[in-house]
Amino acid sequence: MINVRTDLVLEARELYKESHKGEKDLDGIEVIEESEDDISVTTVKVKNEEGAQKIGKPKGDYITIDIPSFTAYDGETMDRVSKVLAEVLGRLIKVDVKKNALVVGLGNWQVTPDALGPKVAEKIMVTRHLQTVMPEAIDDSVRPVSSIAPGVLGITGIETVEIIKGVVEKTKPELVICVDALAARKVQRVNATIQISNTGISPGAGVGNNRKQINEENLGVKVIAIGVPTVVDAITIANDTIDLVIDSLIKNSSSGTDFYKMLKSIDKNEKERLIKEVIYSETSGDMIVTPKDIDLVINSLSKIIANGINMAVQPNMDMEEINKFMG
Amino acid sequence: MINVRTDLVLEARELYKESHKGEKDLDGIEVIEESEDDISVTTVKVKNEEGAQKIGKPKGDYITIDIPSFTAYDGETMDRVSKVLAEVLGRLIKVDVKKNALVVGLGNWQVTPDALGPKVAEKIMVTRHLQTVMPEAIDDSVRPVSSIAPGVLGITGIETVEIIKGVVEKTKPELVICVDALAARKVQRVNATIQISNTGISPGAGVGNNRKQINEENLGVKVIAIGVPTVVDAITIANDTIDLVIDSLIKNSSSGTDFYKMLKSIDKNEKERLIKEVIYSETSGDMIVTPKDIDLVINSLSKIIANGINMAVQPNMDMEEINKFMG
Amino acid sequence: MINVRTDLVLEARELYKESHKGEKDLDGIEVIEESEDDISVTTVKVKNEEGAQKIGKPKGDYITIDIPSFTAYDGETMDRVSKVLAEVLGRLIKVDVKKNALVVGLGNWQVTPDALGPKVAEKIMVTRHLQTVMPEAIDDSVRPVSSIAPGVLGITGIETVEIIKGVVEKTKPELVICVDALAARKVQRVNATIQISNTGISPGAGVGNNRKQINEENLGVKVIAIGVPTVVDAITIANDTIDLVIDSLIKNSSSGTDFYKMLKSIDKNEKERLIKEVIYSETSGDMIVTPKDIDLVINSLSKIIANGINMAVQPNMDMEEINKFMG
Amino acid sequence: MINVRTDLVLEARELYKESHKGEKDLDGIEVIEESEDDISVTTVKVKNEEGAQKIGKPKGDYITIDIPSFTAYDGETMDRVSKVLAEVLGRLIKVDVKKNALVVGLGNWQVTPDALGPKVAEKIMVTRHLQTVMPEAIDDSVRPVSSIAPGVLGITGIETVEIIKGVVEKTKPELVICVDALAARKVQRVNATIQISNTGISPGAGVGNNRKQINEENLGVKVIAIGVPTVVDAITIANDTIDLVIDSLIKNSSSGTDFYKMLKSIDKNEKERLIKEVIYSETSGDMIVTPKDIDLVINSLSKIIANGINMAVQPNMDMEEINKFMG
């Protein structure tokens, strides 16, 4: 079967609900909706193992920020989204300002839609070294923060979690914040959603490899993950299109007819064959669907997220002070 | 109607043949196939207005080089493709080595899949100025070559053809070679095909705007266009998937039944609605389908094409001498 | 003789005064000093041929903005400098808002300290095409602006002025604003000064080649040049050091002694030999002196200048509206 | 005192010899010269503590490859230098092909002359993960290699040695190869020399901070350092110029005269004052001397070094096979 890929908890919940239509709302899962002007915030709490199994995501809190259309082209909206992100992160980060935090930019800086994490990492206000190097520049109200972009397995030859674990053991942060580009299931969510969770992250999880989780269990410190869907697999688009056509035909036919039966009987092998015909390319490997101006969008998103993190980890500084510090 | 986009003459020919299945082979169009090891070369000659109308492309010669799978990852194959390209270009360029040639890299260097042209432009062996600046470095066997990347309308505010025309009038080249990234209709052709023609090119033509052609008529000099399809519109993928599903269902039903009739009657509005549901994104604008490692692939392709052009316009130098010159 | 290079009128004036110490202040040259908080503005008016000859710069107005230390690291100061630049440009641009303006980013985008011009060009709010492409997005108060980065002779093979002239003839702007990275004579001025003039510019002038001027005479339209010194030639540093040592020794010796005579007699050949010994490199070609973080500084400067130009050419929009437009 | 900075053992040796002219050749230091065509190789063996103190470098072997002029512009010479580097590295790497090696690209990828290390790191043939991910792609003759670019203190907030140590403890390589951009004392050596040693490296050592060494003692595994001088501090240029002028004057004066005495008495404070006057810039911070086309040169050097390392760590593969693997 073609395994449709989503890293987003909201999509996972939709998928479950679609395939279990009779069922009453999900036990073990609580959903809270808020909004700040045109920015809506949805919290999904996966409260127990039953809920976790249903939506295929570990127990924990998942907060999704829906960002307004065209945010990437509008500096003022970007700032507003950063502030909401800072506020949401603040709920999950309840740590002593004296303890140090490590920001990890996951992903491959050579691949535009995967470069979100590294681009955030280079915009983080790094302060951990200042107490030693220029103690006069900072006072006690500044939290020590460090930032790395560990690269991906294909360009380092090392599992990302091994690099992070090595750095964590040497620098002993109290908190790790990971940022990664994700895959969505629907085009509508691409670059439109920021998902924050306290459950860790699997680098390249969607690609199907069984990678080691970057989470509290493996690193020994609290892990907050921030993800933005920047692509949809082309295979997902093809799959969803086929489903839509068939659903549309089924709606227009009476159950019991040969027609209806035939539609119902289109099996997975046939579907897979059709998809391959449309999107398989011997030359080019995995195809993705992405906006044409992805370079610009990734830049904007990295600014939004870096600003949000900078404000959240430095509760004693406002955006202006941080900008002044960053130049 | 959703207008399926292709810049490729081979695809245009296929489209025509698909929709005119009874018809005997295309009058006014001649096709010649050759190959060099695993690199195949197809020449389509659109010989008259009848042929031009049938496939929706101007009269002229279109030569398509099919490059082997994984060429972008293999330096040795890249060199072989460059040599075939040089040879093909040589057939179209029959000009005096003393006259100067202008290479134009079309496209937007800020958008990865559209950056092919500018990346080729910066790898061209530029020699036009040497006769003045360092006459001792070159002799009579070196053809004067210049190279520009004029940008795109959205970042210059100027129609590309206006910039090129301005430069052509000032520098009076005998030949203009334009390089551009194209859109394919099928994923299988993405980054797998180099199309060379002597009919000019429409920048951003596929996007639907009525831009001025970059061709001999408008520039007053011979124009050779080199294009590589680097993306497919997401809309095309969705459209083709729907057609495939319906065709597949039709094949399995008997004509005359209600079922058959219903399939035949799925109208264009319905199709458009389905496509919109799958690929429309308010936030992100136009979606494209592209390989995940497009940054790497564009780099490789720009080397292949720049090497091919460099050899073609400098028939008195071999690849080694050119590399030596280029560093 | 080693010809010490400066593109800056303030330095040219200093050089003249140093070597003509007895002379009273320069005839034909008027100097006006102003300041806005910590940003000082010096206007040098070269009023006639006598003045022009004395300081080796064409007749016209030269306005120099001295930017505060560490501006490149401080967003708020950057904005203040942009506003002063916009105001200064406004004095020189007295043209009808309905006529179109062309911004030209001179320099080589592959060479960091020379990439200032191209980086400004890509941050210009381009509007010239909107009246055709999306007339609903703009109204009459928006001036048509276009922007190009023509590259440098070594990568295009074409004299820059030829490209600009070609574009000017096709697009008929009423005003051309050129932006270029300059060479200073003193390290203290590097990235510390913006020079604006209405006399045009010589691309690569300092390098010693006799390039064609980009000015009103050659282009047929008003030309405003904006330059920032981003490097000092290493040869200048060595030269100035030698002069300083000798001056310092002379001050400590009595005129008439052998010692004094010897110092006075150090001739140009000897000086040249010493300089060569210190800074000549067979392997590396021309050496420049530049700040270590030049990549960051060029980015900041390009933002300052692009913002200043955007405000100056769009007198009906404020910085916020422009930022909103630019994304 | 102005501390003249050099990371190069050959320069350190020259400096010692200049200031100890009477002394016979250096005890505890052995020098061997070889050459391969126009590429010369100098081995300096610092054999004991006496030698180490004299030239201010730790005990160990230092091999310097002098690369021919204009190598960075000539692909064929680049390949020859890579081969010499591979051969030299082979002498120092005498380890089991089954054990894994870690390549570390030191330096800041945002600062062009400091980006050599990171650019080498991304051109390394990484294989360590293949045994797990695609065991069919490799056989026993391929050594497991991994590669990281840990960044610099100012952008990570973490001492580089801490990151490397963390990764070494997790991945247990038998050998670490570090690549870094160095500072030279003489312009003539900039981009003209590759220094290989088995004594480790101090990141940013020359800047004056007391950073932790990256060496066998601190990491617990053999460390080979590869360095290329890509800059000279501007302060060094000024300092050397002053010394040259004074030396030149001294040579022309008779000892015993007032003149001679005065020259001899120019003290360090005066020298420092003169230097500050020439090269101090409040706005711009540390100034460096570098070739104008440093972006191009760093690219070429990173190819040379990455190829040399790839061949050295994969003795069972030739350059062609590696290129094929790398794409």
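Chains here go by letter, A, B, C and D, matching the order in which they are written, and residues are numbered from 1 within each.
In this text, contacts are C-beta pairs under 8 Å (C-beta built on N, C-alpha and C of every residue); 3 or more make two chains touch, one makes a residue touch a chain.
Keep in mind that this is a model prediction, so the values were computed, not measured.
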Requested in this report: Look at the interfaces B-D and B-C and say which one is made up of more C-beta pairs in contact.
Outcome: B-C
Requested in this report: Name whichever of C-D, A-C or A-D reuses the A-B interface, so over half of the contact pairs are the same residue numbers.
Outcome: C-D
Report summary line: Chain-centre distance (mean CA atoms) for chain C and chain D, in whole Å, is 36
Query raised in the report: Just curious, how far off is chain D from chain B if you go by their C-alpha centres, in Å?
Result: 45
Query raised in the report: How many angstrom lie between the CA centroids of chain B and chain C, rounded to a whole number?
Result: 40
Report summary line: Residues of chain C that touch two or more other chains sit at 110, 296
Query - Residues on chain D engaged by chain B in the complex (per definition of touch) - result: 72-76, 296, 300, 320, 323-324, 326-327
**Report entry** Residue ranges of chain A in contact with chain B within the complex
**Finding:** 67, 69-71, 110-114, 187-188, 190-192, 231, 234, 237-238, 240-242, 244-246, 248-249, 252-253, 257-259, 262-263, 266, 270, 274-275, 277-297
Report summary line: So, in the complex, the side of chain A touching chain D is made of residues 110, 122, 126-130, 133, 144-151, 153-159, 162-163, 165-171, 209
